[in-house]
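Alright, structures below, take your time with them.
Each of the two complexes below includes subunit A, the first together with subunit B, the second together with subunit C.
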Partner chain A sequence: MSDQGRFNLRHAALGAALLVIVVSVPHFLKFHHQDLLIFLTINVLVVCSYRLVTLTGEWSLIHAVMLGVGAYAATLSHNHLGLEIWFTLPLAGLTGALVAALLCFPLLRMTQFYFLIGSFAAGEAIRLIWVEWVSVFGGTSGLRGVEAPVVWGIDFLDPIPYYYFCLAVVTLCLLILYRIENSRIGLTLHAIHWKAALAESVGVDAWKYRALAFIIGSFFAAIAGGLKIHYLGSVTPNQFTIGFMVFILIWVIVGGYNKFYGPIIGVVVLTIFDESIREFEIVRPAIYGGMLILSILFLPLGLESIPSKFRSWFGAGSTPSEPPLTDR
Partner chain B sequence: MGISRRDFVRTTAAGAVIASTGLPSRVFAAGQKTIKVGMNIPMTGDYAPWGLPGLYGCQIVADDINAAGGVDIGGENYGIEMVSYDHGYDIEKALQGYKKMVSEDEVSMVMMLGGATVGAVMPWGERKDVFTTTLLSSDVTPETEHLLAPVESHPLYVVTGVDWLARNHPDAKTAVIVTNNDVEYGLQAAATFQAAFEVAGIEVVDMNLHGFDVTDFAPLVSSVLAKNPDIFCMATSFYTTALMEQLYHQGFKGKVISTTLDYHEEVIAKTSQEFVDGTIHQFPSFDDPRLNDAGIAFPNPNAFDAEYRKRHPNDWSAVSWEYPAIMLNWIEGAKAAGNTNSNDVLAALKANSNPSFVFGGGRWWGKELWGLDNIVVGNWPIVVIEGGKTRIKEFGSVTDWLDKHSAVLVKYMKEHGLRTVT
Partner chain C sequence: MSLLEVSSLTKRFGGLLALDDVSLTVEENEIRGLIGPNGAGKSTLFKNIAGFHKPTKGAIAFQGQSIVGQKPHTIAEMGIVRTFQETTLFQELTVFDNALVGTHMTAKTDVFSAILGLDKAVQRRARKKVMEVLDFMGLADRKDQLASELPLGSQRALALSVALVSGPKLMLMDEPFAGMNAEETNHMMDLTRKVRETGVTIVLVEHDMKAVMGLCSYLTVLNFGQVLAEGTPDEVRNNENVIEAYLSGAK
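So, the complex of A and B:
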């Protein structure tokens, strides 16, 4: 068999094994861990959509709020228009994309650190609207009444049916994100990240592509928000604070963001770790802080770089040494 | 020396760790069946003072019941086992904890603090018929049939405090309200105080509903004191200590009224006993002799208080007695139903048109405001700090006030954009 054939076979086997695991895993979990699995599945979409935004080299602090935009859009359309989840999710995504498109004009005038701070400020402004406009958004107690449906006797508020629904939606979204990253658009985003000036010199409209990444990332983040809220049944502004944004950053940084699957590894490993330290809630921030520092010091390319590190130690490959997000 | 909310959070960290593991009472008779009672509450974080002290209180009552041989329900004898889960006021964790308690720990009922965490669990709770309780009456909606507010009907009872103030200090004619702008606690309480002040003929001359980002209360207090109010109302504030400090430093001489004044010893330490004396609020210390009056439906309140302070000297808060009172209320319902099935217990409790209420005079209420009569309102104590101690001055009737003036309350709730069914 050719090398290519072996490569394809290995990937097919890996894919099949992964499929068996994700399909069967809820049946081996306790009831409340099934809930955790649902949130983990949704968070996989959150980190992957965030990674798309970071492909251009810009790190934003508004991604958590974009989840909220989707969550509020899903809730309002469910409560006021009577739409079910099949329609609220696309609507949530479109609302997230629309808000992102509007924010592009002020935010994308900035880059790097200024963009980071600007995105934080814009996110807080949106959150304040939710807090202060009580009659529409319910203030700090948020909105209730959005629920997963019962279809043909299947109660989607039960964890296993909802998990499979989430799995299907998230898988579809990940496939789209993967295709985008490996298309000409994705290559252009990478080019803008590494050599923005050179890309522009050959006619690439960097602003347009950065805006596109921001809008697409926000679209999928908002879908994740809609998914989450249909299961939780209520939405509050406190779910989308800078605290949650920090978790997104930690998942992405600890997992690694050079490869598509890096943030997925980060969110899976840290969610399992997080559950294992549940009884030490008070010291949890300190533990996370410590992990982040250790990760940056000893695994700057994230958990995704561990296999190649092993290979290099055993003489089967080169050490991954590219510093992340450094202009070359 | 008292203890602040932050000190509370720090010093009870170990307690929270132990409590979150759900350690049960371990004084069951051999082979005795047990009823598991769930507490899905914040035991860490900013809301911990309204969670963990309640678990401590329940443990004392459960130990008491178990030491006396348990409780007879339908001819079977049961011990009480507490099962707790710390959700830290995070709604995802609240849902996980709730499902864990119901599906894995098989609790018979779940007690919660209220607010957004209750909103998150009730859709599932309703589909599974889970008997759930809250301390916030505003959590009740037309859809939450299995959600009861059987003890605290926050913030309805504050009307009794204003009524007492108006009758006993008729010279106080103007008030200012300063509280946090959250919907669950601040705005609900602000609207209720506004209604009570209007009914009492007291004019609200200024109101400051601030965010949780305020760290310096000096300018905020100066601004409202510029209106020369006779009364400073803190409604249900998370910042009572900081506000009292500012009032003291800025020389306020009027009356202070608040929903509660947890850890008032700390306020005295930071100001003076003379200044704090006279402050009106609504949460008694359970060593108060008035709690031995006829009609009080809490067994041996003074002994409970003594035991509590022996076990947890610095941890008494407004909820220390409330969760135990809810648990006792549920046991009463289970006895009447003859089993622990949530629908049967609910039906047994609701069948009683004069339900047992901790301070007496209970009645089911709530339909005209929130769509369901799942809230028990009755008499509520008006407490004044005297000589550094909280002392009950009177039991006021929340029911009487609501019968006469609920339209005024609805008016102010709508003004704040708060949910009502009318």
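So, the complex of A and C:
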């Protein structure tokens, strides 16, 4: 009992410290870094929503484009319907979910490598629609005019108010994602990942759950896209290329995708690291790439696994064994 | 009406006739043995019944209702649950969570209930049911171990638990005794009898003749995708065709 109590106390202290940091951090930063902080906050939602999709063992390459679906939905509903951000964000999420639901029918006929490539192709098709359908989506130069509102004298285009707004939205979304993962649905998604046939034999409709994970993940990706675009003020197809998708993959893998907080650690650490080597302009990609290779070689379970590694090296009793990465 | 009626079932894989006009009926609450040399079509028959394969021809009726062409999860919902060869488990999940997946049909939930926690009562019932079944199977004190850390005998018992906790009417067990020592086999035989006593009908594919002869009241012998013989263990043991099929390789 006392052990349980101490455990909770430590968590509460950790949570309080975290809260103080995320609330106070923008006040210590320069303007440029405040921008970066907003994008980092949004990217936390991006990686966490992506992780939900990967829980069934299927890795997609369409997640970045789903951000774009949300971004375009937010921009169009703002420009044509005059909706403010409170309404464009849920609308963006629903549009992302709807597009994902439609894509389930062709895409989820495939699994593994084929799904990966299929999702990439579907994403590029959507991007091409944005590029080619100029009258609606504005072509390669995209759309402008979307912005955050002024409420009660607070200009949400200022980085600090907008950061707090993002923080609130992202926290709410993470809470929902966390609840889903730790519910019956999360257990079923894990079960499908490890042995789909066994799950099906006790009545699990694997297709339905793959679709569910894909739709929910896309919903939150699209909300992230909406958040991003209300701050940037304009949307172009080039913001959602495979290049951005690769960053999502790197953040998730380097952070470690076995635990809920792994991808969050990944995106936070890599963003700070990338920013801190900004002065070595020319060799920056080389340093970044080198660190990625090292971390994947020596920490295949991600940065998230460092504490348990330390514990096992310095012998603080037995630690729970880590689940292996791949299906056997 | 029999519980399961398979009539003239044929399954063709390209040029290979895996099942050739197989008919058999399984009565309520029996333990039926399905034996035959390797490649006779036993597992193929299971896969067709459980919906993992679609038969080329023929009919399968469960409680008088046709189940041909249904998806595995639909067939599971009707009450047919299969176990797999070797140790097919969620190796990375704990014993408890393995069995908990088995309660899917009575405890599945929708996204909003999951987020808002509206399914608490349902999940509590599912957990209680899991503990009952793990107790029943003698796995209760291992519930927090990973499935991969269990010895073979316990892994098989867990596989049986996952199937049992889903509340099946008919359980298809695919070689549950393979690779076991005598002690483990005896334990598994006891468990299988206990499962049947709860009212579950069992069809058993098995090579371990001691287990088959000890458990089953009636046997069906398959050879080259056809039913070679049917009868009580004694009748089958003395059947000329069966002796021929099993010994022809050794002659």
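In the analysis below, the second predicted complex is superposed on the first by the 306 of 328 C-alpha atoms of A that agree within 3 Å, B and C clash if a C-alpha of one lies under 4 Å from a C-alpha of the other, contacts with A are read in each partner's own complex, and residues count from 1 in each chain.
Everything below uses one rule, namely that a contact is a pair of C-beta atoms (placed from the backbone, for glycine too) under 8 Å apart; a residue touches a chain by one contact, two chains touch by 3 or more.
This is a predicted model, so every value here is computed, not measured.
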Practice task
Tell me which partner A:206 touches in the superposition: subunit B (first), subunit C (second), both or neither.
Solution key: second
Handout entry: Contacts of A:80 with subunit B and subunit C, given as first, second, both or neither
Key = neither
Practice task
Based on the superposed arrangement, let me know which partner A:30 touches: subunit B (first), subunit C (second), both, or neither?
Solution key: first
Exercise for the section: Considering only touches as defined above, state whether A:195 meets subunit B (first), subunit C (second), both or neither. Expected result: second
Exercise for the section: Figure out whether A:176 sits in contact with subunit B (first) or subunit C (second), or with both, or with neither. Expected result: second
Handout entry: Residues of subunit A contacting subunit B in one complex and subunit C in the other
Key = none
Fill in the blank from the handout: The answer for subunit A against subunit C in the complex is residues 176, 179-180, 183-185, 187-188, 190-191, 194-195, 197-206, 212, 216, 321, 323-324, 328
Fill in the blank from the handout: Note: in the complex, subunit C contacts subunit A through residues 50, 52, 71-73, 76-77, 81-84, 88-93, 97, 100-102, 104-105, 107-109, 111, 114-115, 117, 119, 123, 146, 162-163, 166
Fill in the blank from the handout: Contacts from subunit B onto subunit A in the complex sit at residues 9, 13, 16-17, 20-21, 43-45, 86, 88, 91-92, 95-97, 99-100, 103-104, 115-116, 119-124, 127, 141, 143, 181-184, 187, 211, 416-419
Exercise for the section: Under the touch definition given earlier, write down the residues of subunit A that touch subunit B in their complex. Expected result: 30-32, 35-36, 39, 131-132, 134-135, 138-142, 144-145, 147, 155, 157, 159, 232-234, 236, 238-239, 278-282
